[in-house]
Amino acid sequence: MTEQQQGGTATETRKAVVEAKDVVAGYIPGVNILNGCSLVAYPGEMIGIIGPNGAGKSTLLKAMFGLVKVHSGSVTLGDRDITNLRTNQLVEMGVGFVPQTNNVFPSLSIEENLRMGLFLRPKKIRERLDAMWDLFPVLHDRRNQSAGALSGGERQSLAMARALMMEPSVLLLDEPSAGLSPVRQDETFLRTRRINKTGVCVVMVEQNARRCLQICDRGYVLDQGRDAYSGTGRELANDPKVIELYLGTLAKDVDEERDGH
Amino acid sequence: MRRGVAGLVLALLLAPVLALISSGPASAVDTLCLPGPDKACIAGTIRTDEGPLADVTLTVTDESGASQEVTTSESGKWNVQVDTEGKYVVKVDAESLPDDLDVKTGEVTVVTKFGVTKPALLTIRTADYSATTSKFDELVQSTVNGLRLGLLLALASVGLSLIYGTTGLSNFAHAEQVTLGGMLGYLLINQNGLGLWIGGLLVVVLCAFTGWFQDRVLWQPLRRRGLGLTQMMIVTIGLSLALQYVYQYTVGARTVRVLQDNPSVREFGPVTITNQSIVAMVISVIVLAGVGYALLRTRIGRATRAVSDNPALASASGIDTDRVIRLVWTVAMGLAGLSGLLYALVTNGIKWDSGLQILLLLFAAVTLGGLGTAFGALIGAIIIGLVVELSPVLGMPGDFKYATALLILILLLLVRPQGLLGKPQRVG
Amino acid sequence: MSEQMADPKVDTGLADPAARRALTSGFDAVPGAGKPDPILVVDNIVRQFGGMTAVDVQHLEVQRGLITALIGPNGAGKTTFFNLITGFDKPTTAGKGAHWAFDGRTLDKTSASSVAQAGMVRTFQLTKALSAMTVIDNMMLGAQNQAGENLLKSMFRGTWAKQEKEIEAKADELLARFKLFEKKHDYAGSLSGGQRKLLEMARALMSDPKMIMLDEPMAGVNPALTQSLLGHIQNLRDEGMTVLFVEHDMHVVRHISDWVAVMAEGRLVAEGAADTVMSDPAVIDAYLGAHHDTDLGDDALLTDAALEGMADEVAAEDAEREAEEEAEGLR
Amino acid sequence: SDSEGESTPEASDTPSASESAPAADSFTNDKCDAGATSADTLRVGGILPLTGNLAFLGPPEIAGVGLAVSDINAAGGVNGAKACHDVQDSGDSTDMSVSTASAGTLVASKPSVVIGAASSSVSLNVVDTFADNKITEISPANTAVDLSGYSPWYFRTAPPDGVQGNALGTLITTDGYTKVGFLVFNDTYGTGLRNVIEETVKAAGGSCTYGCKGDGDEFPAGQTTFSAEVSGVLASKPDAIVVLAFDETKSIVPELKSQGWDMSKVYLTDGNVSDYSKDFAKGTLEGAQGTVPGADPDSSFKDRLSGWAEVGEGSALKDYSYGAESYDATILAALAAVKGGATDSATVQKNLAAVSGATDGEECTTYADCVALLEDGSEIKYSGPSGIGPIDDENDPSSAFVGIFKYNADNKNELTTTVEGSK
Amino acid sequence: MDTIQFILNGMMREALSPQTAAVAIAVIGLNIHFGFTGLLNMGQSGFMLLGAYGFAISISNGLPMILGILFGFGAAFIFALVLGAPTLKLRGDYLAIVTISAAEIIRYVGRSALLVDFTGSAQGIPGSQYTTGFRNLSFFGTGSFTLIPFNYTDVADGAAWVRIIGWIVAIAVIVLIVMRFRSGNAFKGIAQSAGMAGLLVFGVLLLFFLFPVPYQSTGVSGWWVRFVAWGLALLCTLVVFLLVRSPWGRLLRGIREDEDAIRSLGKNVFSIKMQALIIGGLFGALGGMVYVLSSSVQPDSMGRSLTFFCYTALLLGGAATIFGPVLGSVLFFAGRIGIKYTAAAYVPDSIMSNQQTEQFSYIVVGVALMLIVIFRPQGILGNKRELRFNV
């Protein structure tokens, strides 16, 4: 069931940027959350991961980022085996990560939060800060306010900005659009795409599945710790099975209802 | 019988007794009066607040009016032997006194008892004697003492606060680290004769190393294993216990001094202060300012705050949290060691439980300023220091000076729960 | 005891969509419009942080028995507004004209717990799962009026055993609906982000509130599950519960809300039926964005122009706030 | 134990003639076997501060007990059996579970007598336990007035506060000082002595300026900073200052010095009269005076004490406080056992006062001499290095010699006179 | 008797000591505070001291014992109210510093020389002034006795095999009891409960057989005090068991996790925290009263170190467990004595003097404490899974 890949990808000779192979991982010894999950991202690709709540999507990202112990299987970055490497070492290698929750430093000011994003290369901070102020003017206005006071959506923006500070070569995003207003969601998705177009490989987990699949090159559907389906974004979005089990028909129904109105 | 008067003493159970039995070197008492079974003594010393007065004449008159005269010796001492029990009036002869003296009590009645030497207390003052000191002077002196104590507490509590701030750990062994500074000072400077500055530097370096080492072998592995904070707190309690007894075992349970010499003293108006205290205060201020600058303005300082906020995210930002925390331990322990050394110098001694005695003050300082804020700890420590030193001057019983500091802490927390510099947290 | 357990809701006759439409069509589509049977009435609630006004709601009424959505850009003050009326925060105007009443009961000075006891229960945007307790314990805590929560009675099992059973049965039912039944005996701390959200919602429902206030309930919840949960919420509404929820997913808002209120920069700026509000150009401009219906996979959207346009929209979302902040600063 | 009984008297024959100290290498450290009880031999239990706040008082006290047992055995033991000692930790008053546990262990080991405790607080914690189990307890260091006559099983060889307090009060007033300030350690020792000295001084027409009874200016145990107290006492303009403290004195004296006080106007007591030559710069304490109960614990006794400590505890003594009292407590118990002909605790309790001289016996100064007298059937009055008089009906020493010391330029205390005081 | 027997007897004495029971009672209270409700009460010794003072002062001033007990509880009750009213709304860390400070203030006030006629100041109140009434209540008679008046040395001449078998059975019983508890169904059904009770009694008797401990019947640290102290400890355990398995207990645990969440569910968090603080404080006061029954009231003995010991005992046994406090207290005190006596018995005099051995043994105690917490962070009875989330 895992090997539904078809089309160009099957004959792929390109080298993977990040690859998770048969990862088995979990939080408590003896209880595995991921049961042999595989994922590969090629240069310049944008990968979406969707799936039910508790499927292990966040766990997969964390396992790739060294936050969850990988019991078996491997994670590679380019040629390097990065299984169970410490996170700060991954950051040095150019991997960026935005967690699903707790994704800002609440008692640091907004500016300091951003500075943390580029901790390893302090020389470039000014330049990158300016770039971020351009992208997120709200943040600029309140740059001395502590991040703990921000609203849910504002935090999410800040978290994203923090990850963008360091210009990563691989970006792992866990539900970047959650809690954002529609226009910001759109903007986030487009911006991610744009970043992706500059050659950054993006792996994102999304519950806004429809949107996610629209913009992703390829998608994986995770269920119970395994990748149940994979394929290009559009294939998945139109796969009736996927729709029934994971996407639901709400958006479609609502849109139809409205259009019929 | 070797000491001959025991039987007699039994008869005099209820009275205060001073029986001169055998004398050691006679120099102390110029002429002796030996009370016996049928002899009593009256003795005293004539002195002003400036010193004993020689050659003063006194008359001792009994109830019948018979009197005898004595003259004080070089050391102002005099005594007479009498052979009846009863009231005697001792009067100083004003003529024999130097001029310009104020005789407060020139005459006193003494009831003698056989076998006993009774004191006759005559009070003579110089003309410019004043029985009170200015409250203001006392206040100024105590304020300076308070600042001094506050700065020393600050040195130690900033480290405590840093550790709490970065790891969330309440380190109960911090006090022993303070003690360690003093103990090492004693060993290196007093015992091994190192110079104060070299020795002091070495103490700080060694203490900092213990911080590094502790984190390396203990705290880091525990963090890795995900040990809870309360559990870690109990580990610090265990460590504290072990260290206290290591000190008892190695150095002993008595007070030891880093320097044997008495510190030289300076006076600034009403304030008397030792040179050591001045140097200690200056060092504290410089070090604290340095730490403060490092925390606020440097990258690594920000990193410590980031780690304290959200360690997982910090490492996801590329911060090597372990290194940051190790640095914090190293610095905090170095500061604690420095504080202990200065404390031992300024308070003239260090003992196995010296740190323990101020532990609560350290925690109070940290909390007063706002948990986890290093500057808060500084301000808190100074407030605590001032309260401890000033409350007796302002009329609190001396017993309660620590209690007063703690009470102030409680009251302040009621008004400002987040501490002086802490920020309230957002809900929801 | 059994009386307490009985369903507190009354049949409002609003289970019928047509009746609801008829009712809402009678409302004025202006901010702060009066409602015939408001369960919640809010007046003059202002909350400032330093110089910044996060919430400034002059008047708002929430109709009993309907699902009302509260939408608005990020930082509009929705969560803060929730905090204020549920007693987790105090309005700056407290004692100076702030006034709000729930179900006829004035709540101005009441604590968070009494607000909830009065029947207005909320969830949190950043979830508050009780990590070291099992999922079922989390659920059981939600139930109201438990005899066993009285210190004296708690020692005697007989006084609460029966009620406990009833509550557990109810919890099981809700857990099943929220797809958490298999996790019943797991610690809540081991749930995924979305599962926590679900647990929180289910826990709030355990208390049979008269009105439930959900703060972004569906953010992070899988779309397929969202759909079935919406059905459940609608059922509750049909049984008479009032729902006020904050949500950024416009499909959800459109699908279930009977009435929509829009907040921006702390103020109530619009009210109306979903379709009306969402076709309001101001709302589209500042909140929904021009692309909210388009396919983002379209490369055409990646042009600078398109991104700039979008940035403008975001700027518009912020603009008014800034203006206000400035005004605030001048004052 | 029978065979031992045969052999020891012979051993004792030889040295009995000589009153002088045995050579250092003849000290023995006779620790008790777990099984030996007071039924077989004189088992001297100890509940002494080995750890905690007062641990620095431990070594001389242990040495006192150990030396006494060594001397007893050198003189042939008690009733033909070798005595032994078993010292348990009393901890300090911050953790009473230590002393409670030690008391339990001691009770279970059925000792003939228990020497201890050093701190009145600890004594109060365990005194009922010993009394209930009918075990004689002799404290070498408790001076609190409240403990006088506390129970028939509680004795002490340290004279109660009155003895020393009167002597010191008289000393201060005959030195011509009118206004006296006190730096007092807030525990029974400090406040008890303070009360007596204050009374004596007032009775002579003097007054108290600081740290007086009812002022609440005592400093709590364990305090380490004394600048406030010293400032306070100086501000009250006293003519003389009495420092009633233990080890804190080491911090107080330099503080007094640095705030400009003339140290010849300082008075110390037995808790802190010791040799400070290693602690202070030359001349610091010169002229300061102090009192120590106990007739001149002359240097030969100190040397023996220290000598035993080297054998028994591995290091020489730095300090001799309450060593003589511990020694005498042990010897008195042994003599009581000899007099009563049995080593059980009840016998010791019954005869303790008698051998201390309460029955006007003949004076003897060493264990061997006293045993010889007892064997002759005469009443005795043991008069040991602590210089206390007979035990009175409140189980206190009725009187004691009080040595008056003066510090020289090397910060060493030198005996000037000895006076006898009573309570 | 050999050395091992001597050490074991010492440990048994300590394990049975009424003061151990007293601390266990206080720890049970602390368990309600910290283990179940998450209140970081660092001033449990303050509650104990107040209980002890209330009890001892009123009795020594001639009031009847029952009033003394009430005064003890009353003092702790008021202390809890006064402490709780302002601080229960603050963050946990602040509660910690406020409670520890308040407890220290009580101690400083108690030992102040100004109150010498009331509290006895630093010296405290001698036991003889208030324990007589309690001892008169004893129906144990006078004299002394051993609970099981023979020991393994009496059986088969104290042959080694008796001892070995005895120990194996004892350990097996302990393991069995612990396992039944861990499995969580120790008290389900009458048969189970009876089985457990039987096992407990058997285990205790076996221990008494292995270490016979003679005591006075009624004396100050005799069987009567022990009986009452341990009876109270068991009673308190039962009360806590009943309390925490109820919805009230569930509320406590909820508050420990997140107060705001509980508040949003319509529970009066403040009042429940206050209830918990008071109940735990009353247990503390009771512990204090029992503590001083066999000794004297000494303010210094109920200071910070006692609070630390309470925490240590709690975490050793397992926070938020029913039997953890009792087990932890016994283990802490008996273990400490075990270490001390082992050091005293086996460290040769040539290496360390008596005093050094004693000090050394405390170093070992400290290190052992660290190691136990490091290698069994959840405590003996605690649940490791729960631990993962309370960081």
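Labels for the chains are A, B, C, D and E, by order of writing; each one numbers its residues from 1.
We take it that contacts are C-beta pairs under 8 Å (C-beta built on N, C-alpha and C of every residue); 3 or more make two chains touch, one makes a residue touch a chain.
None of the values given here were measured: they were computed from a predicted structure.
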item	value
Steps in the shortest chain-to-chain touch route ending at chain E and beginning at chain D	1
Chain-chain pair with the highest tally of contacting C-beta pairs	B-D
Chain centroid nearest the full-protein CA centroid	E
Distance from the mean Cα position of chain E to that of chain A, given in whole angstrom	52
Rounded Å distance between chain A and chain B, as computed from the means of their C-alpha atoms	60
Approximate Å spacing (C-alpha centroids) for the pair chain C, chain D	77
Multi-chain contact residues (two or more partners), chain E	108, 111-114, 260, 356, 359, 362, 385, 388, 390
Residues of chain B touching at least two other chains	245, 248, 397, 399-400, 402, 427-428
Numbers and ranges of chain D residues touching at least 2 other chains	51, 55, 58, 186, 216, 218, 220
Chain C to chain E touching residues, read off their complex	86-88, 111-117, 121-124, 128-133, 137-138, 140-142, 144, 146-151, 154-157, 160, 164, 187, 189-190, 200, 203-204, 206-207
Residues of chain E that touch chain B when the two form their complex	34, 86-87, 89-91, 93-94, 96-98, 100-102, 104-105, 108-109, 111-114, 260, 304, 308, 311-312, 315, 319, 356, 359-360, 362-370, 373-374, 377, 387-388, 390-391
Chain D-touching residues of chain E, taken from the complex the two chains share	1-3, 6, 9-10, 13-14, 17, 19-20, 23, 108, 111-114, 116, 121-124, 126-128, 131, 144, 213-214, 216, 219-222, 294-296, 298, 300-301, 303, 305-306, 309, 333, 337, 340, 349, 352-356, 358-359, 362
Complex contacts: residues of chain E adjacent to chain C	239, 242-243, 246-251, 253-254, 256-258, 260-270, 272, 275, 279, 385-386, 388-390
Footprint of chain E on chain B - complex, ascending	170, 172, 222, 226-231, 233-235, 237-246, 248-249, 360, 363-364, 367, 371, 397, 399-400, 402-403, 406-407, 409-410, 413-414, 417-419, 427-428
